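Structure first, commentary second.
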Amino acid sequence: MPSVAASDLATLLVSCSDRRGLVAALAQVLFGHGANIIDSDQHSDPSVKHFFQRIRFDIAELMTDRGTLERAIAEVAERFGMRYRLLYGHQKKRAVIFVSRYDHCLVDLLLRHRAGELGCDIPAIVSNHRDAESTALQFSIPFYHFAMDANRAEEQQERQLKLLGELKTDLVILARYMRVLPSSFIDGYKERIINIHHSFLPAFVGQKPYHRAYERGVKLIGATAHYATSELDEGPIIEQDVVRCSHRDQIDDLVRKGRDLEKVVLARAVRWHLDDRILVYGNKTVVFE
Amino acid sequence: MPSVAASDLATLLVSCSDRRGLVAALAQVLFGHGANIIDSDQHSDPSVKHFFQRIRFDIAELMTDRGTLERAIAEVAERFGMRYRLLYGHQKKRAVIFVSRYDHCLVDLLLRHRAGELGCDIPAIVSNHRDAESTALQFSIPFYHFAMDANRAEEQQERQLKLLGELKTDLVILARYMRVLPSSFIDGYKERIINIHHSFLPAFVGQKPYHRAYERGVKLIGATAHYATSELDEGPIIEQDVVRCSHRDQIDDLVRKGRDLEKVVLARAVRWHLDDRILVYGNKTVVFE
Amino acid sequence: MPSVAASDLATLLVSCSDRRGLVAALAQVLFGHGANIIDSDQHSDPSVKHFFQRIRFDIAELMTDRGTLERAIAEVAERFGMRYRLLYGHQKKRAVIFVSRYDHCLVDLLLRHRAGELGCDIPAIVSNHRDAESTALQFSIPFYHFAMDANRAEEQQERQLKLLGELKTDLVILARYMRVLPSSFIDGYKERIINIHHSFLPAFVGQKPYHRAYERGVKLIGATAHYATSELDEGPIIEQDVVRCSHRDQIDDLVRKGRDLEKVVLARAVRWHLDDRILVYGNKTVVFE
Amino acid sequence: MPSVAASDLATLLVSCSDRRGLVAALAQVLFGHGANIIDSDQHSDPSVKHFFQRIRFDIAELMTDRGTLERAIAEVAERFGMRYRLLYGHQKKRAVIFVSRYDHCLVDLLLRHRAGELGCDIPAIVSNHRDAESTALQFSIPFYHFAMDANRAEEQQERQLKLLGELKTDLVILARYMRVLPSSFIDGYKERIINIHHSFLPAFVGQKPYHRAYERGVKLIGATAHYATSELDEGPIIEQDVVRCSHRDQIDDLVRKGRDLEKVVLARAVRWHLDDRILVYGNKTVVFE
């Protein structure tokens, strides 16, 4: 990544039906306004005849103003029937982390945040338990506890949604949050909720994947980061990885080995999302690494 | 592995309920007859309280004869309720390779065999197609074609079984053999049929796993070598591995990347089996690598 | 990769000092002539302020002719001080494979070639030994033997160079060729000779890397594919990979495990080169995977 | 690992010249005293004709006392010329962590310790800087700062040694400690100092390995955990791993990716050491995983 001030960076993410002239049209409109393309990655999927592009550009020497550039991009987008997002580097995303009892992913994300690996704000940690409260305190991040008694789960979820709204949340990270989210929640944050599942999906969908991996006698265990959808563990996969295991590994060992995997896989997915590197189409992702 | 002549090597594979004194009893009986333990690996599974051991020993300076040693081992085995197998290094196993149309695993195994990687004889290649005939000829291995018309599949399978018997087959390798084997076949070669499945089981059980991996948008594809059982793709897993893929990979790319995986994973499983490194229990394997 | 006929595909590889307007200028010139960009990948290296791009485009509906397009590209290139290569899909590259005694990489490449994985012609196999002659025969590829007696090595190398010229060789693959090539040879095929070294360079430069890996007690062994330069094992690295080993692995085991690595690593590098995915700068490569 | 109380576990690590009867002799002496072998792993290195064994056994139902068992083992050891260590599960090892400015390995080890992954006590964190003091406080571990001005480095190192002695230190972990230790220090803790080096040794011995990896244009970066010896970065390797990188990775990216590697590789090495799984011979390790 080039040494451009974050505040001078902008990212354009585009997807549309594939046709001639797309790359040229976008390059032209940016160049014509004095934006300098720093990095451009593009993909055409022949099986669905769809086009995807990520363009990162420097707007320090824009010859017009942002409004004019935005209108010009909107015009090109309309002409070609593009879906697009335009994101400015000076707008840090706001990521809220949800956690239940296992806190390894939470602590890992907070450490990365502190080390400057994640370019986002973390305005809140949300949990259905109190276990993570002291960790939140240590990292000076507001902690919100929502007890999930059967009789008021629905009410609590609405309060959670309200909080997310108030915090102007851009991204929800489910860092081993063990509650199923209602559709209303998921629909409100489409392609903006990242979950970590502790198996190599689609193997071991659902609960207790390490136990089931142990039962099946697999020789590798995995972890999968994906966008949450209303169908559990079926959302678009962002990243996966595996680690070797053997007959010597009991369930405890799988859990321990898996922790290291979950942390790394979730962190990669979160970084890519924050960096505007992911486009979703159908139930899949294009990740411009 | 030590520099002992293959003909002086013997391997004892043992499994039984875990209890005191097992290791000592086996070490003692071997030592007492002048056998020298070269390599010993052992595993106790606390969840099922089961014991597994593989002992490789040198019988060059046996103080008694093999028969006496065998009777002594049988006696210990009976005392402790052990299941065991005793295998001599001078007895090369006889492996028959089954293949359909895709021949990459077949060719890979034949090349490894020629390079001395696999210490076995290959008395036959069996196929339901004629595609591999010229390859068999090149490697000077007898080729048997069994056409599988719907109306005589059963008869052909019986002829196959008869052939395997005549060839004194120790191991059947399903190197991308695309026919389901009947139970009679599988029962006759329990824990002696190795299949390669082109997915990371239990993900994508069944047909066309690469197509389904593509549909699901996974970020890794896998291959699994397992012992065949009467439940398709459900047998004890011997070895698995994965390779990274991305949105750029079309199905053809997955197939190509997968070929390299399948070859390596199948070859490892076959080597371990031929080397008497695998013990099956329940639906799992202990692999003494 | 999209379903465009190979004969309609062209690839433009560009590198130059980084400056504004590069992406737009190239997109514009292609679009203006009716070429349709199918795939474009680009990289700016901030540390050396250098720009790299690979554009693959469809010329089926070119509004002008190739000559006109070529002149237009040349003009843009001159304006921006670009080094570039323009390659047409209908021109299959011609790759000559050099081998000594170990033939696993050779056989692997020939199998991949036969399976359609490598889009090239292989007009010759060259060796300083006769061992590979029968393999060449099997695959119906002309075999050239150049005995390398001390007193006529130089003369033989000149004859090799002459042969490469006559065969219109685009790429030389050193598939475990154990002779050092003279500078004259290397200079004539700059960035067109790919060598496989059986270690994770820069560890174990030079001879007998497996022996030295064994001595050092490493826990992973590696293989490296690189462009050959006049400094042995110091050329630009194209691809590397590793495999796990342990105290149980003797040198023979490392050699065996390494064979599988060498094959895969060399094949990847060759594929990328044939697919015009590699740009060299300084002593490094940009690989547009 | 079986469900035996830690206090009932003992581990015997043995190495000696290979000869007949070693396995039987050890099994016999343990069995004869009522110790139950739970796990036994053994290795014979044919190239140096050396024998290695790790036996983990349960002493809950010892028929004699520990002293008697110890004398019996000592006797066998003398008879066969064995070097051995006998370790009891109830004796938690005491590990002191040294750190300089980069604290990711330190924090990672402390989190693992808190999660129960490392069965040791951590009586102190030692540093030549004050950066890690607040982390030490957070985890309630005594922090010792030794300023390393050129004129009193020697004196400070002596004070460090004295402290280690007072703390009855079993293991020193150099978690990115950037000072070279004097021979006196290293000799006092032979095979008991674990260092993490941020490269795939023997590539990039010495300083700034990520910078040099970047310069060389490698496609994988690595990390190596090894026992410290008086020759820098030349000690016996315990564990190594790598992660893929590309032309897109600047030095900052390599440093970031490397952090994740360093943590995992160091943690594995420390776990194995604490678990008495490592035997050193020559300049290599046998790791009974």
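Worth a mention:
Going in written order, the chains are labelled A, B, C and D, and every chain counts its residues from 1.
One rule holds in what follows: contacts are C-beta pairs under 8 Å (C-beta built on N, C-alpha and C of every residue); 3 or more make two chains touch, one makes a residue touch a chain.
For clarity, every value in this text was computed on a predicted model and none was experimentally measured.
Of all chains, the one whose Cα centroid sits at the greatest distance from that of subunit C is D. Counting C-beta pairs in contact across B-C and across A-C gives the higher total for A-C.
Once the centre of each chain is set as its mean CA position, subunit A and subunit B turn out to be 42 Å apart.
If you average the Cα atoms of subunit A and of subunit C, the two centres end up 36 Å apart. In subunit B, 1, 43, 46, 248, 250, 289 are the positions where the chain touches two or more neighbouring chains simultaneously.
Across the interface of their complex, subunit C is touched by residues 1, 104, 107, 111, 115, 117, 138, 248, 250, 256, 259-260, 264, 289 of subunit B.
Of all the residues in subunit C, the ones that touch subunit D in their complex are 43, 45-47, 200-204, 216-220, 222, 236-242, 246-248, 250-251, 282-287, 289.
Here subunit C touches subunit A in the complex through residues 1-3, 20-25, 27-28, 30-31, 36-44, 46, going by the rule given at the top.
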